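Below are structures written as structure tokens.
In the two complexes below, chain A is the common chain; its partner is chain B in one and chain C in the other.
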Partner chain A sequence: MKLQEFTSSAHNFEECMKCTVCAAYCPVVQVNPRYPGPKQAGPDGERLRLKDPIFFDEALKYCLNCKRCEVACPSGVNVADIIQEARMKYGKSKPRLRDRILASTDVMGPLAVPFAPVVNFATGLGVTKAVLHATMGIDRHRTFPKYSSRTFEAWFRRNALKEQRKYDNRVAFFHGCYVNYNYPALGKDFVKIMNAIGYGVELLDKEQCCGVAMISNGMYDGAVKHARNNVSALSKAVDKGLKILTTSSTCTFTMRDEYPSLLKVDNSAVRDSILLATRFIYEQVESGAVKLAFKDGYKARIAYHTPCHMEKLGWGVFSKAILARIPGVEFTALDSNCCGISGTYGFKKENYGVSQAIGKPLFDHIASVNPDFVACDCETCKWQIEMSTGYKVLNPISVLAEALDLEKTARINGF
Partner chain B sequence: MARSYKENEFDVIIIGGGITGAGTARDCALRGMKVLLIERHDIATGATGRNHGLLHSGARYAVTDRESATECIEENMILRKIASHCVDETDGFFITLPEDDLAYQAKFVESCRAAGIRADIIDPAEAIRLEPSVNHSLIGAVRVPDGSVDPFRLCASNMLDAKLHGAKVLVYHEVTEIIKEQDTVRGVKAVNTLTGEKLEFYAPVTVNACGIWGHAIAQMAGVNIGMFPAKGALLIFAHRVNNIVINRCRKPANADILVPGDTVCVIGTTSTHIPFDQCDDMRVTPEEVDLLMSEGAKLAPSLASTRILRAYAGVRPLVSADNDPSGRNISRGIVCLDHESRDGLKGFITITGGKLMTYRLMAEQATDAVCRKLGNPSACTTAITPLPGSELGGLKELTRKLWSEPTTVQKAVAGRAGSRAGSIPLAESHQQSLVCECEEVSVSEVTNAVEHLDVHNLVDLRRRTRVGMGTCQGELCACRAAGLLAKAHGCTSKAREDLKSFMTERWKGMLPIAWGDTLRESEYTQWVYNHVLGLNNSI
Partner chain C sequence: MKFNTIIIGGGLSGLTAAIQLQLSGESTAVISAGQSALHFSSGTFGILNSGAVLPEGHPYSKIGPKLQDYIARIKPFFAKAGVSLHGNDSRNMLRLTPTGTFQECRYAMEEVELFDAGNPDIGNKVLIVNVQGFFDFNTAFIAQGLEKAGATCRIESVSLPEFGRVRESPSEMRSVNLARILEGGGTLDEFIASVKALIKDEDTVILPEIFGLRDSSPALKVKESLGVRCIFVGTMPPSVPGIRCQMQLRRYYESLGGIFLMGDEAVGVNIADSTVKAVSTKNLGAHWLMADNFILSTGSFFSKGLASSPEGVTEPLFGVDTSYDKNRPEWYRRDFFESQPYMEFGVATDGGFHAIKDGIPLTNLYAAGSILAGRGPLTLGCGAGVAILTAFAVADSITGGKA
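Right, the complex of A and B next:
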């Protein structure tokens, strides 16, 4: 008799053994009884939806798309993908104005940057927060990320571009919206480190927002457009033989995994070239190609938080190793917990309570460790942790830039 | 009929709790008779529950059997109205593949139209657009009003309506003897198979509606029906691959129908003559699985890599034309035998042959025959009277009428119970707690089935509610359901035994296709039952 050689189904939903371990790892299930849970919303619900779309449950909107269910699943079921795709296919609720604004990071960025001081002042005001809370549904507790008065791209063109031509080895940098509009300092730190280890940095030809906020706010057509644009921009860099480095775990994850699985945008030509900077640096150091020299007397107590999408990438080890190996660092890896913000989710007033309840175990752990600062590769986790705990959060690249003796590093690497 | 009855006296006794018996019981009850239906197992345990669940348009028979085709399309249209909660109006395709003769299509369409079946030739590209799972190499497609029908639900609804109209239904009662006085059947002796209690029932007319087992019942009455058991094997895939029935546009052959039914889809069938002694324990052979797989993949190529849940088989009750003892001339049409005119035996009618699709017509013919014997002038109303559950229309309208914001559990129960879902208490959250997670069966739905739908054990419960029919095949739901049954029946040890036989029955269906994820899942189930629940020694 002939056995089936293999069986497959969309996002492996049929490979689910109903072990329900996903529900044990789902941060939403623990705090929101209205959410049916990943197994029910994902593989179980899929069979019903295939029977009749009437079985689509609007409660799927409570999914954070944190992918912890997928990390937990022993059967390789892409639980969160099933849920997101169901929302894309069957969801009837259209994104509100608020959702569109939150999702359009690279529309709001260019608008805000020229008026950064005014915008930052205004969004920091209690009265603005109250108005946004009441009229837009953006929770009043939230602190808006500050806008920079000059974009990273503008700084790069004026101050760094020429310098990069000195280097034979190059990498491309996908800076993302956060570095560009809110926190160019992180991009500057990245360029400094890359230069010190002998790499010139190029920017992509017209990068756009990776689209993650659009995906989570139901603006799928826009997300697909961005994905297509970015894959083509990334391809140009890959064709030149460049790796594309990033400093945001979420942008990285979105471009590598969400493009093909959710947006059905083929990224196979570029996927393997997209790397977080910490992974790239780790591998360079491990292979002996690059050496790092640190400042004497650097001291810091660092607690590292692994963002959910970093868990899904499985790359937390690289950031952790880099930080833990800095001389003078007292390193704590925080228990793997979702911080609850999930991009724009926690900004919405209807989600605020759930968002903070999800993050509580993490906040408590940070408080008990009492570090000098928290390190983390995701900007939205940073906002959430800073708002909820009062501890400063730094990207590992910024920590590294601070701890390295850049001149010495450049020297021992022959530059 | 102003008669006074003793407790064990009826106007008509119907033997057989399949769809034919249930339909006949309903028809007789609607026509005012005092009815007893008696079934040795549960409802729908024979061929009723072991077929495709195809709501035939009749197109399959249009070329070869005009009469059956016409019956099918008429009943098809009737069932859409009276059994809307059992029917899924999917439509069907008859596809021509490159190896088939496209010339057959013209003949097929002409025959369909002559039988009154709408048959529209559509462009292969349009067929692919409407049903992406269909074999993309098709060269022709005809759209017909096929659909799917849930045989368990249909049978239970007929049974329920019969009961609502005064019929007595005895499941787990086996007929041991036909009581005869000279040339007249007076009633039956039966034994309660659960308690061993012996009973006698009397009625002026007894109807033999036992499908293939009607052969033995007829012999018990001293008459002979030339029946030929034909086994048909089918495979259940774990989810709906298609949403439109896919048939081959050629003369009916093996494994050429793929039917989406509820959360799954079913490919079948084979056709093998088997001896009578195999009818009670059919096993699907590796050869049958191979045939179903290879032919099925021609209809929808993705079946080759789609997880299979189970294999099962049923027996068609084929009857040789009456004066043909050789059995060469096998009919699939309805056979209604009045044994008084045929064999000189009064008070005994056999209704057999036919198909799930034509059960209502079979019941009407049998009931007409009963009425002639009893002098009952009532006309049949089953073609226009909705079954319980079908009064409020399809799922969408139904859920809208019953609840303002239906939950998934409510939608699921409405999909199964139809408008009766409104009377199942679901307001409290514990009532909506899930017993079966794959099929969204709630505590309340289970309790309702136990209380109102003659559920004696877990397998019965499965036939009423789909508990255990999902991907996990009882892994999560069976012990929960057993707990509820133990509570309802007040007996834990019986529930444990029941749990054991339920899981054994689930495994029987998995065994012929035990590979890949289904095997993995059954291993996991075993691990849960043995080591987590600790039931390895105690059950």
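Right, the complex of A and C next:
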């Protein structure tokens, strides 16, 4: 009995019973024959790699780290973690300049924001795209996320900070790179809602990119640095008794689960305090602590897409419940499918075709539902779905901000 | 979150119960740690082998006189979920196994051929066609078996350019990936044409079960188009008809408003006064899930619903009472093909399928499916039957018969 505990290895790899169920749910296997598949790349390959690292196969780079294999595995094997760790340990290919640029979301952000109109104009130009395609390997079909001309943090400090002092109840907000550099409107929606339900918002003391893009681009040292920085920033908030709310399922998943399991950064002091805003709001409403008042006559047909990392996190149930319960909403949960972008993966020239093929069942499903818009908690899924289907994609927090009667909500909560 | 009933384990049994409850107007959630035993299913459901004598304490004996009525409900129930079954409510038929032998079952997915028990008519001349390079389908085994039964067999294989793509990665030449290529359209037509071109004077064609992951239409199309009788035979796992059945049940359940927590695992329980109050899960952490009733359908050893150690057989989640032989050497028989006693071990229940903890039945925890003690899935052929029929029984007792 005890012996079994001592002979266990990392990520449960010896629990694998070779059933190949993981491969049946891997989105890459379905479209890319060069990828050996989760079973072969994960537990089977690990057996060989433990004998001799020469068995490491560079084709492991095709793994999206979407974790769908883990969600499906009947034996609780952490297949994707085995694969990512093998890449970290044995991978020889170094990240290219292009990978570094795509991964460094919070280095590029500050550079681009002051020149947002120019950058947006340039990256929207066919000629820029062609140059990037040829010189950098960034696929020319991609639409670049627009940069905002003012960061969320700058807006917050100037326009919202003072207001927040009014509230006795507080939460901390990990906004992430996307809200800060590309889409401050989502952050503003978040602040509006939190204020309406009686919570003041604080920013963290120097948050950095969660590091997900660095992990997938092989920049592990950088990712570990970010993880350490963030855990310390989060700890300060937790020490003050604050919950840390987020609006991105991927940042949330990375900070909760990838920090300890892949980057070996201990987050036990903060892990349970990191919550998606939709979960927090759901729980407040369920416990009766908070009431929501909706606008009369709000109407929307919403199709909800569960991002891969949300699937793994298992919290889609909160976002879905919040959206489905908005009066006037006709709600469809889309079949669980990967959209194909997987962060920066789909931006790379060599992955473009695979990326679009992976997403096709999802795009087809969206077209058949023909909603007013798609809702989803992940920013990269948003780019991919908007580019590939033409449907607008909104974060559930933005949907809620639009559907709520904010003044009335504030009133019934005593503010 | 709070529900009327929470079902732990989303395989055949858990989903059947959940659908029944959802249909009767309850709000339910299913927690499912990983994919279920349906992924290894033969595409046929066994209820009970003919001539089998039910051992004392078999789950069927707790269902009592309603058993026949429940059996008659199976086909209509699955039809609602979009799974079309065929077979006879009152007698067993035979299916052709991957080793070329026949095995009893009661129902089969619509494309799976069923044979009359006494005298299975396999035809005189049989063409067995595989996809070139697909090793999860053993044509020689099938031929051997059928030749013993008096048929003449010829083995051929089909190679299409589209298969070349999968073949690039030998480890991924699998049933599911082939099924994706053969989902419809041009490739399916090409495949059908290639098989037709191979038929000489054969009256029967045997193909691997690699058709129809989303629905059975590709399989039916193949059957209709070949011009001779077409028999699909199971491949090595994963099972295409099994995955299809799992997905169809789940999709139907969710369309009824059910909440399916895929990839989450129940890890904590709160019991007071012999009543389960709430369960916690790995993903939801401090957010406990509450319900009036709970169903434990976490499967057998294979799905980790039961655990074994040198000390005995336990149910890991609730720690409810189990029934097993205390004399460990009696757990196995040396002959692999003999009936293995450990397969009958499982969770003990009272007459109403309430799980029992320290000798006292829990008021609102029901056990259903292959976690139950007293089954004999291999020797009695009661695998799917126990999963479905005990789910019906439990759903009925929760709703007072409304389901």
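The rule is simple: the second predicted complex is superposed on the first by the 408 of 415 C-alpha atoms of A that agree within 3 Å, B and C clash if a C-alpha of one lies under 4 Å from a C-alpha of the other, contacts with A are read in each partner's own complex, and residues count from 1 in each chain.
Basically, a residue touches a chain if its C-beta (ideal position, glycine included) is under 8 Å from a C-beta of that chain, and two chains touch if they have at least 3 such contacts.
None of the values given here were measured: they were computed from a predicted structure.
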Partner chain in contact with A:V369 - chain B first, chain C second, else both or neither: neither
First, second, both or neither for A:A410, with chain B first and chain C second: neither
Which superposed partner A:C16 touches (first chain B, second chain C, both, neither): first
Partner chain in contact with A:A333 - chain B first, chain C second, else both or neither: second
Chain B versus chain C as contact partner of A:A357, first or second or both or neither: neither
Partner chain in contact with A:R47 - chain B first, chain C second, else both or neither: first
Touching partner for A:L161 - first (chain B), second (chain C), both, neither: neither
Partner chain(s) touched by A:A293 [first = chain B, second = chain C, both, neither]: neither
Chain B versus chain C as contact partner of A:F55, first or second or both or neither: first
Overlap of the chain B and chain C footprints on chain A, listed as residue numbers: 1, 19-20, 36, 39-40, 44, 75
Contacting residues of chain C [partner chain A, same complex]: 1-2, 33-36, 39-40, 165-169, 171-172, 174, 176-177, 180, 237-238, 243, 251, 254, 259, 261-265, 281-287, 302-304, 309-311
Of all residues in chain A, those that touch chain B in their complex: 1-9, 13-20, 36, 39-40, 43-48, 50-52, 54-55, 57, 75
Residue ranges of chain B in contact with chain A within the complex: 238-240, 243, 260, 262-263, 286-287, 289-290, 293-294, 304-308, 395-396, 399, 407-408, 411-412, 415, 437-438, 440, 470-472, 475-476, 515-517, 520-521, 524
Touch list for chain A against partner chain C, complex: 1, 19-21, 23-25, 29-30, 33-37, 39-40, 44, 70-76, 272, 279, 283, 286, 311-315, 317, 321, 333, 335-336
